[in-house]
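Two complexes are shown next, each including chain A; its partner changes from chain B in the first to chain C in the second.
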Partner chain A sequence: MTVTAGEFDVDSAIGGEERDTTIAGRSPGQIARSRFRRDKVSMVCLAILVFFILLAIAAPILNAVGVIDPDSGHPDLVQGIGSMPTGHLGGVSSDHWLGVEPQTGRDLLSRVVVGLTSSFIIAASATFIAIFIGTVVGIISGFSGGWVDTGLGRFMDLVLAFPQLLMLLALSQPLKDRLTAMGVPDGNTVDFAYVIIVLGFFGWPYFARIIRGQVLSLREREFVEAARSLGAKGPRIWFTELLPNIWAPILVYMSLILPQYIAAEATLSFLGVGIRPPTPTLGSLLTDSVNYLLVDPMFFWAPGGLLVIIVLAFNLVGDGLRDALDPKSDRH
Partner chain B sequence: MLYYIIRRVIAAVIMLVVISMATFALFYAMPSDPARLTCGKTCTPASIKANRHYLGLDKPITTQYADFVSGLFTGREYPDDPAFAKANPDKVTHCPAPCLGYSPQRTSLVSTYISERWPVSISIALGAFAIWITFGVGFGIIAALTRGRWPDRLLTSSSLFVFSFPTFFLGLLIYSYLSIKYQFFPAPNYVSIFDSPVGWAKGLVMAWIVLAAVYVASYIRLTRAYMLETMGEDYLRTARAKGATERSVVFRHTLRAALTPVVTVAGLDLGIVLAGTVIMEQVFGYQGLGRAAIDAVTQSDLPMIVPIVLITAALIVFANLVVDILYGVIDPRVRIG
Partner chain C sequence: MKRTTRGALLVALSSTVALTAAACGGGSDNGGTGGGSTAGSTGGSTAGSTGAQGPTSSEKGGTLYYLTQRNAEHLDPQRTYIGRDIGNEARMVYRTLTTFPVASGEASTKVVPDLATDTGTSSNGAKTWKFTIKDGVKWQDGSPITCKDFQYGISRTFATDVITGGPNYAIQFLDIPTAKDGSSVYKGPYAKDSKGQALFDKAVQCTGNTITFHLKKAVADFNSALYLPAFAPYKKSQDQGDKSNFDVFSSGPYKLQGKWNSGGTSTFVRNPNWDPKTDKVRHALPDKIVFTEGLTNEIIAQRLIADNGNDKYAVSDRSVPPSFQAQIAGNPKAKERATNPASPFVDYLVTNFGSKTMQNPKVREALAVSTDKGAYITAQGGPTMGTPATSMINPNTPGYKKYNAFGAPDNGDPAKAKQLLKEAGVSTPVKINYIYSGGTPTSDKAAAALKEGWEKAGFKVSLQPETQNYYTIIQNPAKQSTWDVAWGGWGQDWPGAATVIPPLWDSRVNLTKSSNAQDYGQYKSDKVNKAIDAAYKLTDPDKQNAAWGDIDEMIQKDGGYVPLSVEKFFLIHGSGVTNWIDNPAFADYPDLGSLGIQQ
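Right, the complex of A and B next:
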């Protein structure tokens, strides 16, 4: 048996004076962080994501101070046949870095940046809902066992048995009507609320199962026993004892479903039940540009390329996180 | 084993009943009046009232549900009103069992409309399924066996790349560039397999590849992960130690154990895909069940939406049932649980 040097540093701490500097005890979190930092692909992707997230946060401010302008049209720039942008690559110029939209002549870069903000808002909110419900249900279900576990398990089965995509389509009208009846302003707000709610609601059962499995393996451990013998009751054990021990799967799952929701928003818009044009999201921009794919590729590729880059970066970061946080993983 | 199957079947039937009730509650208990939706902008109070009566929407929701279920087994009449039927026998539509309902907007029975559509969706789903199982599992095995070397790296990284393309986006790209611009793929259209098997395959091949691509990507990763997990088991060391050939170790000892969980996932995914060819149909313009659902949604054709949701939910439940039973056959331990 060969043991790679470094893997058992802590065990061999007694021997060798010169090793002392590297032997300092490290928490699992520190180990994961240093593993992640050594993963170059993940670090690059993380940097890309941080850039786009900051850009998305800055977009409303940039829009307010007039750096970007997603709404005003430039009819003078779309004089081509069929009101296509004049100039190369969809009208790229120093004023319009990604060119302008056909027909209206609105600045494409501004619209993509603003669209990015809406897409992130939707995906992040839906992720939050799915993770929140999934964690709470998973912990309660796994810890309680018995009929609570059975009942919640059956309910999860029920939610999963619905054809998701079809439900997202079919529920759009009735659910939007209901939201409007409940006082949500019609138009954009209802569309946003609808997409967030359906994505979040159909997303949590998978995650609840993962959490339940984790909790099942944790609930017989000594620290839970200790907490219980000190008189801790349900919610305290759930959230102060168990929750901190399952943050790793929560983090990994979060990084994996967020990009799925960004893609799902685009899909819903494409199918005509998501955010409707002219409000820019990556999905509505793509839907707008589908018919121009071959005549004005820039119009399609600006939101499309960004969508793929972001989803890919998230997937790679998620993969890297999983490797870094998995104690059994053999990648360092 | 028989006891196990019976128990699973009963559970599936209960699930179907609960799903149908939940669907009914979701759609018919909403504030939007289904009868008002049947005629859209041309509605007058009188026509709404007439449609409501015609579809039986003036009854309590529990009665409506009972009518729907009994219609499934015995058929029903629209409108279900003996006095009206006596006065205008020619205006009554008979809906034979299994009756899924009647769509006033299409002026046709739901079952008639759907029966024209479902072969398209099934063709897309099954073709894609065949492709993704073959390539996903095949490449996954190759990746696991060449772990860490270039075929593995190529397969795992390219699968993650493909996985990052939303299906509709990939479909649009391939359709526009490889079919319209360079005409590498024949234009998508649906011909019945019984009329022309070659035309059937030609018209669907693009949808198969696009739909399969994302699944191939995830199955490569799935198969690889399970293979690697199995390859670390002690019994494989035993097999090698007793002198089994590498071939037999891979095919007889590893594959069988590693592919069991893949079978489960494949069954569930098939159920989901049968219900979810909607994106392919929208991208490539096939007139399948998914397209019917989109049309029904945009026209607020509730009597059409509910049966489509129920049929697809039934497909998923059925796929789950088959997986459960298969699992019981493969792995005797689950029968007891």
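Right, the complex of A and C next:
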């Protein structure tokens, strides 16, 4: 393992005495944190993300107390052919910071904020499913080897071989019907469940392969040997010995697929198999607004711009995390 | 006067995908407001539409493209009941005894002879109608069209188990006894029932080239009803029952090339056995008409605005979505190709008399008073998509009566509605479930607009958008308890309020154990039924029309329905299309009898 010059630069800047202690006592986590903190781009993006995540969590409360109002129409603010917002930039005013929605006059900012919440719920849940299955399958597959590894590997190949988008489009109605039959309430709930399940289910094999690779290199290490010689069995080794050592790739991968899922929800909604329009999500808002690109650009750019910012921020934070956690991948 | 369930289902399917329209027959606009005045009402924003628009030419040849969204459900004439399909079939392939001319404005609503030599003679107080079939009229295989073919075609409507979907005016009007359950004793030509057949042959008699109809009751405008493809002749040797659903055996200027490709592209070519000398109505200018089904409204609008390649020669029945309307308004080249005619359709709300909540008359009144028609229309796309309605009879339909049932403004009066709910003695908020034909952004926005108005008055509204089989649900008595208010859309079948009031609210012809037919809310009033009978007995058309207007008011004041908007279309056609007209007799859809191609 090489140590980059950068670390020493900073340490020397801190001062002689402190330098000795830091070099002596830093854990890998501390090293990673300090590396990450020095990455300005990642820090800015992280701040943006924290802001939007807090906003998404707060949105239902803000809605309840009336700070945002995604449902009230203002027909007086939309006029003329096609009921377009009056005023500049899609009806931007002190009451409506991003303007109003054409045809109904609902406050666009409020709808985007509420949409953000739904999008985050979907992306976070799907990510959790993918990571959970991927981690468990990856560890088992990598550690067990033999026919278990082969079997799980082929199963991953099988899942990856599905033409995903085509299947999603074709299966949406039957799957939703099946979910409804299983007791999931019809309407929005089933749409949410469908998107979460399909994204999660098709997402885990990629991740399982990464974890498997990590586990393959870890399983011959001394601490695993030690655990084994002390009589530890499969599950204990998997989750107590191996898992703590693969948090880094889990974290990095999580930060990379979460934005993918936010974008994927938008795509699915756009194709008409995701969340249906009365419930705002970034996807359904975008679906509705693409036709207005020429006549009311603000209506499109508000959810579209937000989607870009969030996905970009997540990706940059993910990059930063990877750089910080895995010095070998350092591009300096 | 019973309509089949399937008939209304088709109506339903048409509107499920439509932005706003439900469809029944090709309607008509008898109020003398042609395109001109309607275009004017949008502030001159769209091209004026008096008479033909854009280039006119009598040049023959070329290919006309018809882009549409919804698949045709039937091409069988007796099973066609969607306004667009009625118009297209009547102009291209199925000639009838009478039809409506290629014209716009009031001129289009005057019935003219087609396969008959004149518009018929009535006797016996409009209970007997006689028509003579023209000489030299032929089927596409060259065989002559005979009176027997008419008899056979009309008899198919009675086979309600096979020939589903079409209007059943033949069953309502023809003098054939009914069984105890209200259905006709004649079960159609497939039943092999000689007794029933004899009864039918007595009601529709053939003497050489003369066809005589004997009716149950006086129908003063029976010759208008005959324009429906349901009254078209059908050659018995071509009939394979349900299998013939998409078969076209033409009597008109075009015939189908190969098979109909549902949801794809199908082509109509010239029918060499159509003799223009026998047809004074159809101009039949293009050599070919190509239909493409299954496109979205947005794609159609985009293609027609762009006006590239073959789309220059394209038309569509689909209204331009609001976002594209605003685009067209700012694009002079597209604007001159856009029209904004009044349609025969009225959007309305059905109050459900099967729901405990809505059985309270004060609650119904509160609902009507708090309904925000202005916001509803704004959500549809504004003044180009409709004007507030005050009655079920369209202002352009004879029989229209101007009144305001509860004195509420177009945008609703929540304060008054609140008061009414108080008087009703119900605890607020009053929970209601609004079921509507959803699935498009516009329909959802319109529902949200209505919900907001109602909630201001003290209702608590849950929205239930249905994307598939909307009308099947609200027609199903078993589901009656699941909703309180439903969306509906209706247009006349031909000029006259008799095709509006009885089909929607005569409980005797609508309600059965298995279906509500068009009386979705199970409205049942002996007073109204008696008034309907009395109206039919009036032979003076003006008096009868006035009576329909009174019944309309009676039902609305009883809380039987809430009118929402008088719908308008916003259509655009390619720059190479000539002789564009707004023909209210065919519901202002593109008139294929008029259109030509500029080469």
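Worth pointing out:
The criterion applied here is as follows: the second predicted complex is superposed on the first by the 305 of 332 C-alpha atoms of A that agree within 3 Å, B and C clash if a C-alpha of one lies under 4 Å from a C-alpha of the other, contacts with A are read in each partner's own complex, and residues count from 1 in each chain.
The rule we apply is simple: contacts are C-beta pairs under 8 Å (C-beta built on N, C-alpha and C of every residue); 3 or more make two chains touch, one makes a residue touch a chain.
Computed from a predicted model, the values in this text were never measured in an experiment.
On the superposed chain A, the positions of chain B and chain C stay apart, so the two partners fit side by side.
Shared-chain residue A:84: touches chain C; no touch with chain B. When both complexes are overlaid on chain A, the residue A:296 reaches chain C alone and has no touch with chain B. Once the two complexes are overlaid on the shared chain, A:263 sits against chain B while remaining clear of chain C. In the superposition on chain A, A:34 makes contact with neither chain B nor chain C.
Shared-chain residue A:189: touches no atom of chain B or chain C. Here the apex is the CA centre of chain A, and the angle it makes with the centres of chain B and chain C after alignment on chain A is 60°, in steps of 10.
Counted by residues of chain A touched, the larger count belongs to B, out of chain B and chain C.
When the shared chain is aligned, no partner comes close enough to touch A:150: not chain B, not chain C. In the superposition on chain A, contact of A:73 is made with chain C only, not with chain B.
In the superposed model, A:104 lies in contact with chain C only, and not with chain B. Between chain B and chain C, the minimal CA-CA distance in the chain A superposition rounds to 5 Å.
With the contact threshold set out at the top, residues 294 of chain A are in contact with chain B in one structure and with chain C in the other. By the touch rule above, chain A contacts chain C in their complex via residues 71-73, 75, 78-84, 101-106, 276-278, 287-288, 291-292, 294-296.
The part of chain C that touches chain A in the complex is made up of residues 42, 45, 298, 321-330, 372, 374-375, 378-384, 411, 438-439, 441-442, 444-445, 447-449, 452, 463, 465. Residues 157-158, 161-167, 169-175, 177-178, 181, 259, 263-264, 266-267, 270-273, 286, 290, 293-294, 304, 307-308, 311-312, 315-316, 319 of chain A touch chain B in their complex. Looking at the complex, you find that chain B touches chain A at residues 15, 18-19, 22-23, 26-27, 30-32, 37, 160-161, 163-169, 172-173, 176-177, 180-181, 272, 275-276, 278-279, 282, 290, 293-294, 296-298, 300, 305, 308-309, 312-313, 315-317, 320.
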